[in-house]
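Here is the structure we will look at, set down as structure tokens.
So that you can tell them apart, the chains are marked A, B, C and D in the order they are listed, and the count of residues begins at 1 in each.
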């Protein structure tokens, strides 16, 4: 059964990927990318990687297509083909692929229990984590405790990427012209959507909290919870407009929180450093090492959740605010566009000054 | 910790065994090559980013496939189960997915800025605009454009 | 019972393949969005059924998050697609018929 | 006794769900234009989901899984028709602008009867479409 699912899902993935490569309409490619995310999450599920499936569901199927569609709304959805380069690329890609396929002959068989990857640290994690960390979800104990330093790095990367997006898109997003608010009459009049969104947002937040604090016992944790939390805000912003959601969580607050999360994580590390253990060694946090681990994991998962949620919300704000700058859709003639954007930017600067 | 055994070659079997035991790797390579192809062949920046995402996902699938043990369950300890999949690839990929979306957002933000600056997200147009500018004026720092 | 679950899984895979076909063929973008939405619902069901075939009902959380995300992404895609076509239309219809094709 | 009855009913529900799901999918693939496809998808999506989830609920017994399945069911009951609604509405909205979508294959399509439709017209059709 598992094998059948594995083969079917991977075949569907391959078909999707090929058609993404072939399709000319970028918006259609974005749709297919959403399907691609759903499929790969289904694959992770059949592989027993529940935490990964959880994350991929939220990110690959939800946020990533949304961001791509947002970008396309700004940049136009047509692309031009280039026959010459396509041939060149094929010429490069096919031999590389053939070489890699030959190389797979030396790989251990799929699912082999005696493959090298299964030999070194994994048995230790599986056998000792209950005694050392005391929580059933091995993924969480590896993520938050054994490899806590690595995860800290990842959180910093997310924070930095958020900063990068901020610095790239911040300058031009100061203006607030409600008149240019994207299609205000199209969706906001839609009573069905408004009511359903209102009904759903509270359960989404509640669910995010559940995922955040249930991560030690089942699939879940800070990364997933952060994304789900952000999705709640994004839904609100989509239905009620960017201004409404900014009244709930202002731009400054979100920026502040994205730093607070990293700070929480780092200060847990410093705390354990101060009490004479090594950086991010949570056993220093309580008299009993195992309960110290518990406290440490809950604290850093909180930090991760806050940072991820804040960065995702911030990215959404920044991208959505770009649409206001561009009151018109992307026109076909590229040389007009530059001047338009220039005037819009000028206007934004004047607004900012005034 | 059990003594590490020497891993045996198990690919000497008949073709269908080879198919079952290497199918995942082949799909991973195909996906990876599609991603690479898109990055090289497509002039459109958004399409390139989608291609990068496909490439990235293929690596995720590879890691998860490597971590899979036949008949093993998800790495969440529960009573009465002894065999678990390798949790380490799951951890690496879980964080990589979230980092991946953050970097994708960064790339898309850059694309938006390029669109602002050059009026196009096609590589050729950007190159042409650059060339024109180079000929017209002494080179400006890019930040000055927008 | 297991046989029925297996049959459901296979039916789900077939339906997913059909939805994928519609997403590939779909002449208009709305057809594709429809296919994505359908695909998402089917993935929720697929995950739920997988949970039961594996005998691990505690992983149903994942199906729940799928249901949620799918909805939000469809709404988001519609919104920005709508924004784009609405704002483009306010310029001139002739131009739009080109740019939307 | 009760157990076998429950599993029988759940098998029946799963089978029915599969049937509806497949019909809907074939409809989505085969129907000629967007609105008919949406009809096929929108109707069967919710119904098939309901049947399959209920089938699973019967096998779950009294547990947390039952509660979670109930949540999923409730969620899909809210979101699936809403998504269909938003999609139909958006299609109506864009039909004025998308020439490719004037659904020439269907002569009874609301907008193809008059080529420059008055702006009040589409909103009317939305409501009638939604009531169906």
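Note that in this section contacts are C-beta pairs under 8 Å (C-beta built on N, C-alpha and C of every residue); 3 or more make two chains touch, one makes a residue touch a chain.
Bear in mind the structure is a predicted one, so any value in this text is a computation, not a measurement.
Pairwise, the chains sharing the most contacting C-beta pairs are A-B. In this assembly, the chain whose C-alpha centre lies farthest from subunit B is D.
Averaged Cα coordinates give subunit B a centre that lies 22 Å from the centre of subunit C. Chain centres here are Cα means. That of subunit A falls 14 Å from that of subunit B.
In this assembly, the C-alpha centroid of subunit A lies 29 Å from the C-alpha centroid of subunit D.
We define each chain's centre as the mean of its Cα atoms; on that basis subunit A and subunit C are separated by 19 Å. Across the assembly, subunit A contributes 30, 48, 50, 63, 70, 72, 76, 186-187, 193, 200, 218-219, 330 as residues in contact with two or more other chains. Each of residues 75, 79, 82, 86, 90, 93 in subunit D touches at least two other chains. The set of subunit B residues that touch two or more partner chains comprises 73-74. This structure has the following touching chain pairs: A-B, A-C, A-D, B-C, C-D. Residues 186-187, 190, 192-193, 196, 199-200, 203 of subunit A are the ones that touch subunit D when the two sit in their complex. On subunit C, the positions that touch subunit A within their shared complex are 6, 9-10, 13, 16-17, 20, 23-24, 26, 29, 32-33, 35-36, 39-40, 43, 46-47, 50, 53-54, 58-59, 61-62, 64-66, 68-73, 75-77, 79-88, 90-91, 95-96, 98-99. Against subunit D, the residues of subunit C that register as touching in their complex are 1, 4-5, 7-8, 11-12, 14-15, 18-19, 21-22, 27-28, 30-31, 33-35, 37-38, 41-42, 44-45, 48-49, 51-52, 57-58, 60-61, 63-64, 67-68, 70-71, 74-75, 78, 81-82, 85-86, 88-89, 93, 96-97, 100-101.
Partner subunit C is touched in their complex by these residues of subunit D: 7, 10-11, 14-15, 17-18, 21-22, 24-26, 28-29, 34, 37-38, 41, 45, 48-49, 52-53, 55-56, 59-60, 63-65, 68-69, 71-72, 75-76, 79-80, 82-84, 86-87, 90-91, 93-94, 96-101. Subunit C makes touch with subunit B in their complex at residues 54, 56, 59.
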